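By written order: A, B and C. Residues from 1 in each chain.
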Amino acid sequence: MNMLEIDDLHVTVDGKEILKGITLSIPAGEVHAVMGPNGSGKSTLSYTLAGRAGYEVTSGHVYYNGEDLTALAPEERAAKGVFLALQYPVEIPGVVTLTFLKTALNAQRRARGEPELDALRTLKLVREKAAALKIGEDMLRRPLNAGFSGGEKKRMEILQMALFEPKLAVLDETDSGLDIDALKLVAEGVNALRSPARAMLVITHYQRLLSYIVPDRVHVLAGGRIVKSGGADLALELEKSGYEGVVEAA
Amino acid sequence: MAALRETTERVADLAGEKYKYGFVTDIEMVRAERGLNEDVIRFISAKKSEPEWMLEWRLEAFRRWKEMTEPNWARVHYPKIDYQNIYYYAAPKSQGERPKNLADVDPKLLETYKKLGIPLSEQKLLAGVAVDAVFDSVSVATTFKAKLTEAGVIFCPISEAVRDYPDLVKKYLGTVVPVTDNFFATLNSAVFSDGTFVYVPKGVRCPMELSTYFRINASDTGQFERTLIVADEGSYVSYLEGCTAPKRDENQLHAAVVELVALEKAEIKYSTVQNWYPGDEEGRGGIYNFVTKRGDCRGRGSKISWTQVETGSAITWKYPSCILRGDDSVGEFYSIAITNNYQQADTGTKMIHLGKNTRSRIVSKGISAGRAQNTYRGLVSIHPRAQNARNHTQCDSLLIGAHCGAHTVPYIESRNPSAKVEHEATTSKISDDQLFYCLQRGIPQEEAVALIVNGFCRDVLQQLPMEFAVEAQKLVGISLEGSVG
Amino acid sequence: MTALAFKLDSPDIFGDDFARHRGELPGAGLAWLEARRRAAMDAFLKTGIPNRRVEAWKYTDLANALASELAPAVRAARQDSEGGIFASVPGARLHLVNGFLEHVTEAAGLEAVDLVELDSDTPEWVSANLGMTAAGRNQPMGAVSLALMRGGVAVRVHEDQTLHLSFANPADDGETVSHARILIVVEDGVSFRLLESHGASSGAFANIGMELVLKRGAKLEHVRVQEGGPNALHVTTLGAQIARDAEYRALYVAMGGRLARLDAEVTLGAPGARATLHNVAALNAGIADTTTVMDHAASNTTSRQLFKSVVGGRGRAVNQGRVAVRAGAVKSDSHQLFKAILLSPTAEADAKPELEIFADDVICGHGTAIGALDEDALFYLRARGIPEHEAKGVLIRAFLEDAIEGFGGDVVHDVIAHRLDAALVTLGEAVP
């Protein structure tokens, strides 16, 4: 059984059909990339997997470890191990980052029937994971994402991924707005989380990220459909000939 | 958020349990006859064994009250109150005489307090908090008296102070809130039943937080407590007022008066966590909370700060104020006012700058949800002699849902050119993006709302004494249950 | 004019006037006008002449400033057609004296109707709009300006252009009142610049009701300068209706008078409607009160308000700005900023920036700052050789500049700057 099975998925947003029949499977242990031009439906796919309101599944299915994912609320999906790293992480003024992390962590543990961690243990855990991503103590004590640079926000997303240890991680254009150094740091963080028990879906516009996070399969999304699939070298081919070449040929 | 409607409905089912303090204690009560007339006032005064001068004071207030009309300028709407249909005095029957120690207190009363989580017994007390509990119109017990007496601090029910410290009371009572200040203050002056008196002598830093719990239990009874706190030169006192009331279908009236006097270089910190019953989701029942609170920074370099978290009561009408009379005096006001369902709040503050180099700071956070109406009304007034006055006001509103209202009505009056007055206001909502982000990270909706709102209120929560900050945060979450969805 | 003690009830001078003269007023016999006048009178009588107990007039006690007998103004015998302060700007002209239209220059694409001549031939665009705003219960002086209107002008603009609208109320001993109405309709997509001036010679009580109707996509840039003599009593009630994608930009400049009040209510009635109001007050005596209501009645509407006052002597500047966002008016975006500088120990500034919000997805903010001139900046200028008096003037002009720039074009800007400089000289003198 694959960890993620998407079967002929049709999704409508604001009355307009964006995903027109996506079929995609990701087994545990693999990293798949979805690439596509703007407007192809990449973010729609990631929001649908996370359960955002307004993204209506009109037909098709999404199975997560054999369970119908679309029947679950976002926080239920999170408790079951689905993580979405956003393209534009949200700021929440007045909510200290550390407080947020502890709340989320324990909410998920509670939902799974696991014992909650106290403040001291959470802090220790957070510090460990934060060090690798070069996230300092001062960032942890600031309100969530407030005044963070683009790179800092993305690193914060990866920190959360490291903390929550999801089984399925969906990274939505994690590379957008990052320079090379920030990109490398983020990629290292993501690679450190690759494991046989984990599946990842990396959504990106540019090939660049995939040189650092090398995928097992690459899918091209255009006009709401997957028009081509291949190995990691498909990404390089796209870089050479652009999306037009590949999309037309499909 | 269609996908979350189910969650919200599940929460709504629990709504009946939401206000966990809504129980009623079955205790025989002694009451004055219904309605208000001179006999009732004499009855109250006699019950408390008051001296003649106190009775005269009350009667005079009552005569003035009869000539006044209820104010109607606030943005609150409520059915007309029938003042003759209320009991103005209620006391538990078994407390005929003052209890000598806790062993003498009616065990049913003690159980009520236990349910409320108020530690009356000295062993179970929160470290260092002296609690004076008021059950309806009578103070039940005062703990930690010994330690305070040692420091010279007087902390007792006002009915006791009237008898034991008449000179102090006479000197200060009615000097900050004059008897005829407003309709509800005048009513209170006539029928005030009990309250707290605190006096901190010169140079003394009160060795513990002082706290009083109020409870309105008997139905159709108004609560009219009167509090007077005097901080003599160079002293410091921190006082917390917390309140609960049972769930009933009819409304109950709460018209209190609080007077604070800070002499030279003295400081008074007054915190309120108010959790009166707000009425149910249909707007039935709930407390009418009409309060006059004022602090007089009388002495040079004195300081008074008001911190309040208001989550209950059907109608709130209160403007804790500071008169910055002494040169270099400081006034502060930190407030969180939450209204949900059909609550209405018209609340704010007045900072009156009279002396030189006075400073005031106002941080007001209003949160409106359901069909509630939340209004901040503030006045910053700089008198011609208030050289170098400084004021900064930040007033922010958070709207949850499309059916509520948030309003800001600040009056800024400046008559001194060297004064600097600054005021900022913002209005916002909890964005779908913020909510979704929290959900995706596993935080269920109710908790997410509480988290975001607590973040919004952080500036004010930081001002509360620590033990009560925790309670306040929980209260914020409870008050907003069912508000998003 | 005698100084009067505070009165609780004003004698019913306006009610009397209405009862006695309604049959002789312009347009008497026109059913639509009579009905509106009657409704307006009823609305006025609910409050009467406002005194300080009326919340919206709390800082400006009009009843106390008026004489107990006020006769309706009559047409001035001599017609002086002065150029007005904006004479150097090309455009059509309308000049009113004592509330009566006395001078008209024509222009293509501009229709003007003298309200004295209202009859059954009056065009439909007048009867459809006249008296529909600036006449309600919450604007009592506007209401009475309609009920007792004796003159005025209605203007319809079809083509882009500029219009000078000037007012004179020749000095008298303060015992007359003129009630005049102005209606301006700007047709779809038209850009219109309105330059309004109230001359310094005014002495009588001028009560004006002004209505601005902006049709779809219309743009109105309104520059209004009010200079009054030390006895001028001036109340203007303005109602502006902004349609879809239309824009109203206004600069109001108030420079004096015993009591001058501008009561403006702007309704952003459809998505895309925008309004920008700037108000500048510079005075050292009397009261300059600008009270606005910005009504976001539709979604996706935008408003910006900037109120700047400089007050010396015994002057009082009052700025009340209520922003109301109705339920459903999501994505409303509103901001107000109030700033005042006090120059003397007897000057006063009062601000009341009010927000009334019934929709959640909105951006609304306001800020207020009242203080004195920046001491550091003053020292810097003096250290560079600029004498104190002049330095203060420089700072005050800098303070006011961002409020006046961008309205009406360069020539208009220079005229206003010049007028303000003159006013500030006297302000400077009042500084101890």
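The rule we apply is simple: contacts are C-beta pairs under 8 Å (C-beta built on N, C-alpha and C of every residue); 3 or more make two chains touch, one makes a residue touch a chain.
This structure is a prediction, so every number in the text was calculated from the model and none was measured.
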Separation of chain C from chain A in steps, with touching chains one step apart: 2
Chain ID, smallest distance between chain and overall C-alpha centroids: B
Reference chain C; chain at largest CA-centroid distance: A
CA centroid of chain A to CA centroid of chain C, Å: 57
Computed distance of Cα centres, chain C from chain B, in Å: 43
For chain A paired with chain B, centre-to-centre distance based on mean C-alpha positions, whole Å: 48
Chain C residues touching chain B - in the complex, by the definition given at the top: 55, 59, 327-328, 330, 338, 340-372
Touching residues on chain B, where the partner in the complex is chain C: 73, 384, 397, 399-429
Chain B contact footprint on chain A (complex, rising order): 50-53, 73-75, 77-79, 83-84, 86, 89-90, 92-96, 99-100, 103-105, 107-108, 111, 143, 160, 164
Of all residues in chain B, those that touch chain A in their complex: 1-4, 6-7, 431-434, 436-445, 447, 451-452, 454-459
